[in-house]
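Common to both upcoming complexes is chain A, partnered first by chain B, then by chain C.
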Partner chain A sequence: MNKKKWNLAPYLLILPSFIYLAVFFAWPMVRSLQLAFVRDSQILPVLAEADPDADVVGRLEMQTQVAVVDRTRLDEVLPNGRTRPVYWFKIVGETEGGEQIEGWTHQKNVFIESRTTSETARVTSGEGAKEWTLDYVERMVNDYRFTNALKTTLILIVLILPIQFVLAIVMALVLQAQLRGSTIFLYIYAIPLGISDLAAGLVWVSIFTQRGFLNTFLQQVGIINEPFIYLSADHENWMIIAIVLAEVWRATSIVMVIVVSGLQAIPREYLEAGELFGASLWQRLRHIILPLLKPSLQVALILRTILAFQVFAVVVAITGGRVLTVLAYETYRWYDPGDSGFNNPNMAAAYAGFIMLISLAFAVFYLRTVRTQEEAARE
Partner chain B sequence: MTTRTLDPVQRRAIRQRQLRRASVYALAILIALWILLPIWLIGTMAFSTQQDVYGYPKQIAPIPFTTETMEFFVNQEGILEATRNSVVVAVITLVLSTAIAAPAGYAISRYFFAGRDAFRLGILAVRAFPIVILAVPLAVTFIEWGMFDKVYSVALMHTALTLPTTILVVSSVFASIPREFEEAAKVFGCNAYQAFMRVVLPLVIPGIAASAIFTFVMSWNEVFAATLLTIRNRTLPALILYSLNKSSLQFQYAGGFFMLAPSLVFIFVIRRYLFNMWGQITK
Partner chain C sequence: MFRTKTRSIVILVLVAMLTGALGVSAQDGSVTFMSTQFNIVEESDKIRTILADFGEVEFVPSEEGPMIDLLRAEAETGEGSVDLIGALHGTFPVLQNEDVLFDLSDLLAQLEESYELPESFVELGKLGTADYQYYIPWMQATYIMAAHVSALEYLPEGADINALTWEQFAEWAKNIYDGTGEAQLGLPVAGLFHRFLEGYLYPSFTGGMVTGFKSPEAVAMWEWFRDELWPYVHPQSVTSYEFMQEPLLAGEVILAFDHTARLINAFNDKPDEFVGFPAPTGPAGLGFMPVVVGLGVPYTSADPDGAEALIDFLLQPETQGRVLQDLAFFPVVGGVDTADLPEGVAIEAAAVEAQAASPDALPALLPVGLGDRGGEINEIYRNAFSRIVLNGEDIQTVLDDEGAALQSLLDETGAPCWPPDAPSEGACQLQ
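Right after this comes the complex of A and B.
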């Protein structure tokens, strides 16, 4: 009895979080894929013959203009058993894919001036269709802003991460040196943990803006004679630099904290032994500290890369989202029902799905590379 | 007693050591400046007169010191309301997240049960997952459920965002309390519940409070999901982001400082627990 109760307790304790993550994590994930890959619109199935049970020859979008090439009158049986005459039209129209199709449809599905004489009609109704589609994904991939967004996001990752990791390791080593006042340094180094990407972006706007601190400094030192406009459409490189600095400034602390905890886990004896045998700081770093830090660095790398694929507010603050765009901003722009957005959740979900996929791919890639290195070392 | 005179080699070694120590100090201060200077600069802007905000060249300190720019920001339409929304969202997130995470964290650290490692790994994976992106399907779902543009629905999203971290942190806090404490309490006649309430709880409260504060900060700072999930009931970051293109520099600088300032205090309060929080995830 008692034993059984002990077995059940932990499951009861984790149950709430399990349910919560199922509802607010797993379900939205499924829903996201659904939005990105299932078309949920009205389309008109065009039939091979003037018969509701006939085969479907193709589907037409709403509002498609069609030519009426033939018509026929049929008796339709109503639910109450009576019959009434209805028209069926043989229509020719182009599908969204550009394919010409010809077939029959019921009069209720088209708008036509005169049922007996008109040569053209317009598709006005159809059936709610849920079908797998790659249209959203295709549209996303073919959008020139997608390519730009992906390129900028990757450039930012390539520029930011190496700087961040070197700086984080330096910061961690400085903290490990146990200087007097190291708790103050720890506090200062940790401050950016609590700073939002939006605030960080605005901070660096004040530095890089035309009448900002950077120009003031450079002019006083005498490097420039008049304020330079960094954040303009003509100077994409400067915008990139500003974003990189803002991100390095804001998001290095997370890496630093992970590295410090990794360092603390390294037995002191290892480092002392290295020192005793006269290893220089660089040698100790290269042969003792970095190899032992590898698991921590790997986690930090995965975490930072995935976060970097979501970079958003810093970019909006510095570029306004117009000159340079990133994946998360495109997601937002497609979703946004306001003036500047497209109010298209399906496209937004396609972008969201892409961010998930590429994050996953990178995580797996990192895990694999490190493992193969370990395996290689074992051989 | 012997007074040891140092030979030149030893003296050089000591000098070198001092030099190295000094250079580490210099490096430490340099990095501190790198972090503090931008904060100082935006603070300068936030407490300068309107004239100085637009002026050039810039001053390095807010002279004359004035709160007029901050007042201008706070009195903008919707700012106070958005601030209130942000606080409400963050508090709901904090309470929900801690309440749901604490039992799970306790279970992971105290029980061995089938599926424990799988659950832990799952939480680690979820933690690394780009959760904010899920704001897109959630927004669509919330519209269907009639929960869109509500303060509490942002909090629900933020809880999903912070829950994995909170679970891991709480479990590490519990893990730092030796199991023997509970056993000792039981030896002295407490039942399991009393042992937990009287012995374990007082010891873990500081750690859990620190984790709760961090949850608050994460929610207070979150922009993307909040922007997608609200239209009229914007949180502060969502409102600022939304007004960026049509706002003045005064608004942007004061807004930036306003969002940043609380974290200076919060990080100071929880600084001792940071490694507990983040060191966890490497294990």
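Right after this comes the complex of A and C.
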């Protein structure tokens, strides 16, 4: 019975990365998912006496109308030397179950017209009460912009990915061919990598806007007389085209970098053998390079698809996020506490969770399909 | 609770780091003034120059959300670095709910001895209570119309630019389209367009902002907007126009609606080429939206006396005049010298005055009492617009749908009706 001795060392070795993943990925992810499914409602605990530590005699829902039957005023001395009157109100109200509750509450928790004279008040805050809910998810799915956002996101993926992959492979082959001055190509290809996506979007806006480069050019060449308005609610297709161009311009190099590294991993012998047997360039590409590139293409595909679900700034810059919208923009719109957002982190979390879910589904799909083909090719 | 608390603390730390001087300045006798207005660099510089005449003031521009979180966090610790806040009316209900502001009734009584403040704005500062002054009105702005002089030749016959009806306005836009071959009316759909619906169209056609949301008058209004006005609105309005001053200056549009602060560059850069005029009148009156900015003192302030002195300084007619001159926000006190204003500001001032002084004026206030869900109401109006005008959906169906969303928002927040709708007992109800 010589049991294998249990060895601690490998576990210790992966512990740091495990901790890193748990702290910086798993925990925030769980928290954010929790936001999507837990409602932070409030309920007011009514107290037996005008004292925050007093016993709770019952709880009232938000917006309950209550009668104020008594009040007491304390003067709180503030660190800045002033005193501030603090009122406690004795309120009578009915719970949702119809139970009559009478007790005290702090001024902070009710809206009252006059602290000194009013005889009614409305419950406006209390202590946090968490409950599980599917409301946010339901609201998201029923939201009028949700289908629009999902549709546009998927259309963009279908249009952008094939173009990017064909271009990236061509660009990588050009580099690989080691022509004279091919390093210059590398630099040119890499320029968009250094530009933020918002800036890239703005560049394309200035091309497509009414008095933009494109119209000016077409007018000077004499193809059109009047500037054509591309970016308008009536021309959604033009907006899609502008987004596709911007995304292709901006993000193809990332795919190229991965493909180049994949190409460099292909042993020269295979290609030389192919050449020796008289395989044409196309045949070598089709039967040697592409099959051997599959692992890198798989990585690039997963990466690009996930990034495509997060496409955001380019779309906002080009469309204003109103006529055409994408999932990531909806997430931001719900989170944004500013003038154009809704300041609702729960809905934002529901959207974020949805994006994660479909990204995950696509990743699993790619891993399964691309791998089986690869194995089939090997047999 | 945990979420808001951690978020507050993170923001507190961030703000403290970014505005490093805060902690120090609280001790050296200067007043810290945090404002959601003037948070563009040039504007901050101008207001700092004006504040320099008061003495040591640390002006800290901030976005609304972070400011609320900061005040919330400071209230929890009991001690704060912010002495005075300046914010839009719509920010204050959230602070009321958090119970972080002093009652400024006594200060108001003192101030009213020296300055005349408009009663309606003072009332607004009470946020629905009878005797708790949450803020003192500081300055105001509004939305007006702007036209390039070349648009004037297309004015419908017999129309007075200072007393237009919406019908005439649409005819004007149509004439421009027929005459130039281009739709040259610009609406800031990418910007503050919801205010156009909430504060201008709805009150002008239905007499209220909320209660008549799905009324027959509203249906007629949307029909008119879709068929008579929208065809002549510049197509880039939806995607690109956030501040109308740029497309006006670029010549893409020659007729526009926007916030005074978002038109001012056009009037300032080319005062001879642009005219300002009041919003048109509808069957129910001239709906317009005054924007009120108020001053409040958090009770965690380290220097409430300094804060009150600064409020007094900000209300002085000279200070108000300089704010108008340099920053194009309009005074709330009487007696401001408007003799030598920059030309652009003078154009706006005339239009603003004509708008408010119209016999049919129907001031529509920003949504009140929705707390931190104020953004959602804007989206309901915008959704109605997108669905009816852009997607061509059936008007009554859309209004019923969106009206239900509006009603549930009002019920959930318990917000009573606000002007120009008639006051209500309990949550505001749609007709």
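Methods note: the second predicted complex is superposed on the first by the 260 of 379 C-alpha atoms of A that agree within 3 Å, B and C clash if a C-alpha of one lies under 4 Å from a C-alpha of the other, contacts with A are read in each partner's own complex, and residues count from 1 in each chain.
Keep in mind that, in the parts below, contacts are C-beta pairs under 8 Å (C-beta built on N, C-alpha and C of every residue); 3 or more make two chains touch, one makes a residue touch a chain.
All values derive from a computational prediction rather than experimental measurement.
Student: After superposition on the shared chain, which partner residues are touched by A:204: those of chain B (first), chain C (second), both, or neither?
Tutor: It touches chain B, and chain C stays clear.
Student: Is A:144 touching the first partner chain B, the second partner chain C, both, or neither of them?
Tutor: The answer is second: A:144 touches chain C but not chain B.
Student: Is A:55 touching the first partner chain B, the second partner chain C, both, or neither of them?
Tutor: In the superposed model, A:55 contacts neither chain B nor chain C.
Student: Where does A:349 make contact in the superposed view: on chain B (first), on chain C (second), on both, or on neither?
Tutor: After superposition on chain A, A:349 lies in contact with chain B alone.
Student: On the A-aligned overlay, A:231 touches which partner chain: chain B = first, chain C = second, or both, or neither?
Tutor: After superposition on chain A, A:231 lies in contact with chain C alone.
Student: Is A:272 contacted by the first partner chain B, the second partner chain C, both or neither?
Tutor: In the superposed model, A:272 contacts neither chain B nor chain C.
Student: Between chain B and chain C, which makes contact with more of the residues in chain A?
Tutor: Partner touching more chain A residues in the overlay: B.
Student: Counting only touches as set out at the top, which of chain B and chain C does A:112 meet: first, second, both, neither?
Tutor: A:112: touches chain C, not chain B.
Student: Shared contact residues on chain A for chain B and chain C?
Tutor: After superposing on chain A, chain A residues 35, 205, 209-211, 320, 336-338, 340, 345 contact both chain B and chain C.
Student: Taking the complex as given, what residues does chain A use to touch chain B?
Tutor: 6-7, 9-14, 16-18, 20-21, 24-25, 27-29, 31-32, 34-35, 167, 170-171, 174, 177, 179, 183, 185-199, 201-207, 209-213, 215-216, 219-220, 227, 249, 254, 257-258, 260-262, 264-265, 295-296, 299-300, 302-303, 306-307, 309-310, 312-313, 316-317, 320, 328, 331-332, 335-338, 340, 345, 348-349, 351-352, 355-356, 359, 363
Student: Inside the complex, what are the residues of chain A that reach chain C?
Tutor: Counting only chain A, the residues touching chain C are 35, 40, 62-63, 65, 78-80, 82, 84-85, 107-108, 111-118, 122, 124-125, 127-128, 144, 205, 209-211, 226, 229, 231-235, 239, 318-320, 322-323, 336-345.
Student: Inside the complex, what are the residues of chain C that reach chain A?
Tutor: So the residues of chain C in touch with chain A come to 1-3, 63-65, 68, 78-79, 96-99, 102-103, 128-132, 181-182, 189-190, 192, 235-236, 238-240, 242, 250, 252, 299-304, 372-373, 375-376, 378-379, 382-383, 386-387, 390, 411-414, 426-427.
Student: Which stretch or stretches of chain B touch chain A in the complex?
Tutor: 21, 24-25, 27-28, 31-32, 34-36, 38-39, 41-42, 45, 54-58, 60, 99-101, 103-104, 106-108, 110-111, 113, 116, 119, 126, 128-134, 136-141, 156-157, 159-160, 163-164, 167, 217, 220-224, 227-228, 231, 237, 240-242, 244-245, 249, 252-253, 255-257, 259-260, 262-264, 266-268, 271, 274-275, 277-282
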